[in-house]
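A, B, C, D, E and F are the chain letters, set down in written order, and residue numbers restart from 1 in every chain.
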Amino acid sequence: MTTTTFPQPQDAAQVPRFAGLSTFMRLPMVGPDRLDTVDIGLIGLPWDAGTTNRAGARHGPREVRNQSALMRKVHHVSRIAPYDLARVADLGDVALPPMDLMLGLDLIEAFYRRVHAAGVRPLSVGGDHLVTLPVFRGIARSGAVGMVHFDAHSDTNDSYFGGQRYTHGTPFRRAVEEGLLDPKRTVQIGVRGSVYDPADLDFAKAVGIRVVQMEEVAARSNEDLLAEARSIVGDAPTYISFDVDCLDPCYAPGTGTPEIGGMTTLQAQHLVRGLQGLNLVGADVVEVSPPFDVGGVTSLVGATMTFELLCLLADAHGQRGRLTPAGSAA
Amino acid sequence: MTTTTFPQPQDAAQVPRFAGLSTFMRLPMVGPDRLDTVDIGLIGLPWDAGTTNRAGARHGPREVRNQSALMRKVHHVSRIAPYDLARVADLGDVALPPMDLMLGLDLIEAFYRRVHAAGVRPLSVGGDHLVTLPVFRGIARSGAVGMVHFDAHSDTNDSYFGGQRYTHGTPFRRAVEEGLLDPKRTVQIGVRGSVYDPADLDFAKAVGIRVVQMEEVAARSNEDLLAEARSIVGDAPTYISFDVDCLDPCYAPGTGTPEIGGMTTLQAQHLVRGLQGLNLVGADVVEVSPPFDVGGVTSLVGATMTFELLCLLADAHGQRGRLTPAGSAA
Amino acid sequence: MTTTTFPQPQDAAQVPRFAGLSTFMRLPMVGPDRLDTVDIGLIGLPWDAGTTNRAGARHGPREVRNQSALMRKVHHVSRIAPYDLARVADLGDVALPPMDLMLGLDLIEAFYRRVHAAGVRPLSVGGDHLVTLPVFRGIARSGAVGMVHFDAHSDTNDSYFGGQRYTHGTPFRRAVEEGLLDPKRTVQIGVRGSVYDPADLDFAKAVGIRVVQMEEVAARSNEDLLAEARSIVGDAPTYISFDVDCLDPCYAPGTGTPEIGGMTTLQAQHLVRGLQGLNLVGADVVEVSPPFDVGGVTSLVGATMTFELLCLLADAHGQRGRLTPAGSAA
Amino acid sequence: MTTTTFPQPQDAAQVPRFAGLSTFMRLPMVGPDRLDTVDIGLIGLPWDAGTTNRAGARHGPREVRNQSALMRKVHHVSRIAPYDLARVADLGDVALPPMDLMLGLDLIEAFYRRVHAAGVRPLSVGGDHLVTLPVFRGIARSGAVGMVHFDAHSDTNDSYFGGQRYTHGTPFRRAVEEGLLDPKRTVQIGVRGSVYDPADLDFAKAVGIRVVQMEEVAARSNEDLLAEARSIVGDAPTYISFDVDCLDPCYAPGTGTPEIGGMTTLQAQHLVRGLQGLNLVGADVVEVSPPFDVGGVTSLVGATMTFELLCLLADAHGQRGRLTPAGSAA
Amino acid sequence: MTTTTFPQPQDAAQVPRFAGLSTFMRLPMVGPDRLDTVDIGLIGLPWDAGTTNRAGARHGPREVRNQSALMRKVHHVSRIAPYDLARVADLGDVALPPMDLMLGLDLIEAFYRRVHAAGVRPLSVGGDHLVTLPVFRGIARSGAVGMVHFDAHSDTNDSYFGGQRYTHGTPFRRAVEEGLLDPKRTVQIGVRGSVYDPADLDFAKAVGIRVVQMEEVAARSNEDLLAEARSIVGDAPTYISFDVDCLDPCYAPGTGTPEIGGMTTLQAQHLVRGLQGLNLVGADVVEVSPPFDVGGVTSLVGATMTFELLCLLADAHGQRGRLTPAGSAA
Amino acid sequence: MTTTTFPQPQDAAQVPRFAGLSTFMRLPMVGPDRLDTVDIGLIGLPWDAGTTNRAGARHGPREVRNQSALMRKVHHVSRIAPYDLARVADLGDVALPPMDLMLGLDLIEAFYRRVHAAGVRPLSVGGDHLVTLPVFRGIARSGAVGMVHFDAHSDTNDSYFGGQRYTHGTPFRRAVEEGLLDPKRTVQIGVRGSVYDPADLDFAKAVGIRVVQMEEVAARSNEDLLAEARSIVGDAPTYISFDVDCLDPCYAPGTGTPEIGGMTTLQAQHLVRGLQGLNLVGADVVEVSPPFDVGGVTSLVGATMTFELLCLLADAHGQRGRLTPAGSAA
């Protein structure tokens, strides 16, 4: 197969960016019956059933698609040209009922099992952060993954509202409990903000998750931090989860749980780029909440970070080949 | 007891409207343990678990409280002075988990059973329209109520998303099925907008609900329409439910399911005022969704319509005395 | 002097509407030393020191100037061409300290005395409604004027905040007390909204002001209402004061004290146009508050109503000639 | 062919309205190579090269597509079910360079020639109003069409900016000059706003266009007005052009040239519905300008009016069959 | 008294953050008659009578209260748990007339005298920066305080508008003149922006205030800067005043006098945290102006900085005990 | 000539910033017939005919003028007092047709030829970046200029949309081709964002332009970067072009082509200030697009950067005297 047969984004020098159908990166849509033609699948998860305060992330995929029309084809620093390295497509949204949490978890899991079984690396756009749990159930059943996790919150609380165990504040406690996420190969970057209880971060630390608070991010160099993160996740299957609230609200006001004092986009881009070469099995960008956004800036951030992650996944595909589901759990 | 002992709103000529704590109408807060000191209770229901498209009504009570600071004390047309006629208080919000629909239904019902048992007429501010179902469960168990219902939608669909029977599109089908709402004493005003199926309104009509589409509202005089509505509900216990989407979106953009071609606020005020004298057992204003609002205009509409309804309830209290729970079901 | 020497707005077919300096109607600026070259003076009063709740009208003149770039030269219904009938100019803003209420009153009065003495008809853009009081002091010292007053509020309260007698809720009580406004030749149109006390409108009625509440506006024809208004003010010197809150907030959200259930712009335009032929000595558009506006719609309304009033004043100039200050008080 | 084979919108009770790809009415996309499978084609024209003041209509199709997700399947008044009567599809956008006006005119014309030749009735979403000129060039070369034109402006000016003859203020003068539009079968409804010159409307009247100013719309009944409009266009091929600025800016703030004092959406809906039965060859909704919109209300209006027009076109298809290009010019 | 009897914020894991009454930090309200039960009092000062350009800070306390619902209970870096260390309550707003500047100054002073006499440390939320002057009059009569002052402006101008000596640009010149503020123990951090005159900063420097311009903040380390600030104020009674315009407008657009090139929130948080241990007698957060805010981001910053300051005051209470009014002036 | 005769901005301590006519920096307007009285001319270029995606920069000059009312008279770091060093005036806008690209290019060129011939240093406010090309044609015909160029994009693409050679993405390729810009004396700072093709930056590099990508800006010190930039442009005639999209979108959301990961305003200010002393012949601030702005923050940035550049130009005038057109090309 030659490069020229790979799907390409619609060319903005031919069709203006404001015209044409809004797909992720202006790529062709590919139905779930043709997963064999895809190496990396962009998937929308319009769902915020796990949100404890400000809902709205259900509208995230649509607006990230719109803003992704501003992405071009080649990364200006790494020079990665993802559409030359892999067959990338928009796999559409998973249709999810907004008010049935347990059903939604099952539907996402089922979709990702299929994607994973087909050897496709998923790059998901949420949706609130609860979506990552069923994605893990779909792609990490046969072996826990490691994770580099950008977030203002550890998302390892136990429960809310008298026993509600599935919320956007709890996915990674569940994932560890279910054996989907290897806490010792997990690093959380950018955590900050007041906590309910001094013990709130105890679970994360007790199970071995490395929590890098924002203040530490600011104090260390990106290179230093990246070296530690890379050594934590190693070369085993790894997932990158990018919650836009890791950024300061001035960059990402449209999110459910903003915390001031966050990362700059430039910092975040440097850190993500520094993860090139990992054994990546998937990634996501979550918590873009358009009803709370301002002028689309958060959706633009979401779209750009999706492109950054796409470059990493395409590079992984180029280096390591199509995902072997069994191998990914090795 | 003399009038002077009745609770009064904080005086805007003393404390500016932008100052002081935000309670409904700037009234005192009264806890659930002192319901005997209250004749009409303003209650917030910050919940949108039943919303099928654009969530956000969970933020409604807070913003309606804020805008209600612009309400003064006497109605300029009817000259009703509600705080001279009844003891009115803000009973606070019912605390509801955003993501557990069935638990939320139970919590609302329990709260309203208590309010109803105490003889308090509830005036609720939603929340999405699903809230009216558990309110009915709380106040209409012993006898179905009649209803004047302002809405762009009949809200009598059967289910969504493969069997979800409790949504903001289904409360009144459930209420009729559960014997809480008397369809023959129910009139819906302002219904409009494309429908899923020609049969969509069949349930409403089959059970005897009188549906007045917007086009009929525009074609008839307010007086004519009111005469019909009053004859339908008669003098038995009646509830008024005001969904702000009955209004055109230019008046109420901040709502979950806007439909163009709706009522003016002036029409709605005339129609509500024309319901003075009914045997009112409660009322609500629902579907104010601040994340989709523009400059607070929808919350101001919500606050003003709440004041209009408060005048009716205060008049009912003045004319008929404190609600006798048993009597209300007679 | 021939028509061709009259000042003309910059031509939008030559200079786009978004270009060029923002003056009222794109007219030339004329300094106060050249009042003899002007028949009708557009004046900005950027001041909201009298505002009791939401300040912001201080920013009104700038935004009304910006939106007035959309006005063209000839009225499409009356066919009045104001710039062919009179020499119209932008006289700039009166410079007013935002926080010294009594000084501001004096500065406005002094400016309008000068304008009035020069025989110029002033057309002012506020600013909150308190500005009309010192305008009256400037132009009506020698004889009370009549007034057609469009407003949601009577603005005849006595005081706020423990004795504050000069606010945007009190100008017309002061004007009557000071002999500047003839209450028997005053009609207020569009008044509505809850009141502090049933006696609130008593002053207005006791002194003979005709208050037409919004509900009466809706019930009567424009022609009927205009006939009454014209007979009330008669042919003696008359002022038109247009508070944008007479309009429903959907047309004019950017105002200090919005009240739902108001006039449409089309109604307001019809009513204003119906005042052609009165013995007009001045007019104003007040309470445009850009910080609370939405997309500039209120400023556009303010600019258009200013143009409507300009046509009336130009017609008055054409019919009655330049204002004779002594005569205006006859 | 049975009804069940017609393309249907994605079902909102299965896939939430905020999920899935944004096509017009959630319909399937059909490429220009399959026009034979389509009876009515929804086409986006993202282009505002003709805009003289506030650009932005180039973003109209995308946002109208987004808001069209709120449309359901059956008209609630006429009971027209368009997807049962005709094969309707989203034909995508015409790719147009934003800055080459003459090339854009040619590209649109070419696209519509092809659509017209295939017998497809086009329903276009602009884009500024200049787009209607090349649409006419595509579908009315062989015979002038009649038109019912909803607009605040006559759009029959001659030129701007020193000879620029193609702008959104001039399309219908050009269309008459080119023999594409029959002025004697043209009626313009809702025209208002100040004019550059008293002679501005002379061209329209001189060539026989019936201009119904907004004031006349308000003074007459819808039925009366419709009777006249229907008699003007008769049974020959007719086009409906709906510029959202015919509406008051409170309904449609997101437009290039707002004029206060406009139609309500309910009036507009009644008038459009009253055109059922005409010999319709196409229709458009233009001048939705998202950068100036507020909370998406104008896009929602645009989507709903597109649905209203779709019902008329589907009814025309059902009554008269597939468009016969030759016949349309008869 | 044991910790368990201290007032605690409403628990967001029980009552969602969007529900319940909006008090500062969701704490109980305590009336001025019960100041003996309070160690640290959160006080709203909804007043902007001193604002020279964009008013709106009068709305600050309400929105900061709303956003403070997002604060949790324990500081994630310092581990300070303020509600375990001190009895903290919301003391409500001081009711202030918006238009009587001299009366407002007196009312604030009187309130703070009472608070100070009761031994309560005040933590105020403005309001414009003029409020700090009467706060000082209330708490520093018997002895000048030192101050760490975060601001884009020195606020030591002499007068505006022909002699207006009390504005939000002059409080600290007045405070020094009145002997309330010890200039030699005062440091201003973040000052920047063009100045009226090269001599503008002369007063500050002449009296011994240390002005750290933003450029110096950027050039030095936080630690270095903190060491200097701490040595300047020493261990005598000190006040912290945080004007949100010290931050770059991207973090705090909702303010009266934005200046680009400001601090990041993370910098500001580090600097505030570094003041732990000072002999703090009070603090404030001022110039949050909701009408100019964007999506509530500035109010969130205001709420978070209030929490940061609360931690410092609670620590001071824990270390030094309840404020002894006499001692504070020692 | 003494300093006191130089034009001064209207004094904000006399006339509030929200009052008075909006000119750049509140300076007097001077017509093109009096260029001899001006040393530095502020010129608006309201034109976005070259914009490929989001138009709106045509509204830039008006809003930058509005926000420039917040600028004071003396630079707080450099202590430059521009109005004491040079005669500065607002020369108004160049009237440009929005839809005739080639005519617009000619009109701008003609205006700048005249300005340049008069020895006036132009400081322009756009408008999209295409405007710099005709400015160069006006001022650099007789000799290519050097340039320090702040931008997220190199703007040296060849063409768009099938051969469109004049867009806001192509001006500097044209300027080099036309011999107006000396690529070897050109440095571009802040370039970033995905590219269409790896070869996109080849033209810039091939002709000798020094492109400093954002990542390099972040990695080096301002001083180091400035030293290189100064050595590149040397002491020959140099122009500074400041595209606000060099800044991160959190500082400048209102622009046509935002790219995340950009400069802070503080960085940009430092870099611009570091260019003091160059042989400056003009400067511009471009791509402020108010329809996409949020709360005016981008316009405020535009106004402040215009003031920063004004200080440099005034210093150049003070040091080098009035521009000698012939000399500038030497």
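The definition used in the following text is that contacts are C-beta pairs under 8 Å (C-beta built on N, C-alpha and C of every residue); 3 or more make two chains touch, one makes a residue touch a chain.
Keep in mind that what you see is a predicted model, and the values were worked out from it rather than measured.
> Out of curiosity, which chains are bumping into both chain A and chain B?
D, E
> Name whichever of B-C and D-F has more C-beta pairs touching across its two chains.
The greater number of contacts lies at B-C.
> Which chain has its C-alpha centroid at the greatest distance from the C-alpha centroid of chain F?
That would be chain B.
> As a test of understanding: of all chains, whose mean C-alpha position lies farthest from that of chain D?
Taking each chain's C-alpha mean as its centre, the farthest from chain D is E.
> Distance-wise, how many Å sit between the C-alpha centres of chain B and chain D, to the nearest whole number?
Spacing between the chain centres: roughly 39 Å.
> Averaging over Cα atoms per chain, report the distance between chain A and chain C in Å.
It comes to 57 Å between the two C-alpha centres.
> Check each residue of chain B and list the ones that touch at least two other chains.
If we look for residues of chain B contacting two or more partner chains, we find 14, 16, 18, 52-54, 58-59, 97-98, 160-162, 248, 250, 292, 294.
> If you connect every pair of chains that touch, what shape comes out? Choose line, ring, star, complete or other.
The chain contacts form none of line, ring, star or complete graph.
> Strictly by the criterion at the top, what is the full list of touching chain pairs?
A-B, A-D, A-E, A-F, B-C, B-D, B-E, C-D, C-E, C-F, D-F, E-F
> Quick one: which bits of chain E touch chain C in the complex? Just the residue numbers, please.
Its residues touching chain C are 48-56, 58-59, 97-101, 160-162, 164, 166-167, 291-292.
> Show me the residue ranges of chain F that touch chain E in the complex, using the header's touch definition.
Of all residues in chain F, those touching chain E are 11-14, 16-18, 70-77, 79, 81, 248, 250-251, 264-266, 269-270, 294-295, 297, 300-301, 304, 307.
> Spell out the residues on chain D that touch chain C in their complex, using ranges where they run on.
My answer: residues 52-54, 159-162, 191-198, 200, 213-215, 218, 248-250, 253-254, 257-262, 292-294.
> Which part of chain D faces chain A closely enough to touch in the complex?
14-16, 18-23, 29, 44, 46, 58-59, 61-62, 65-66, 92-98
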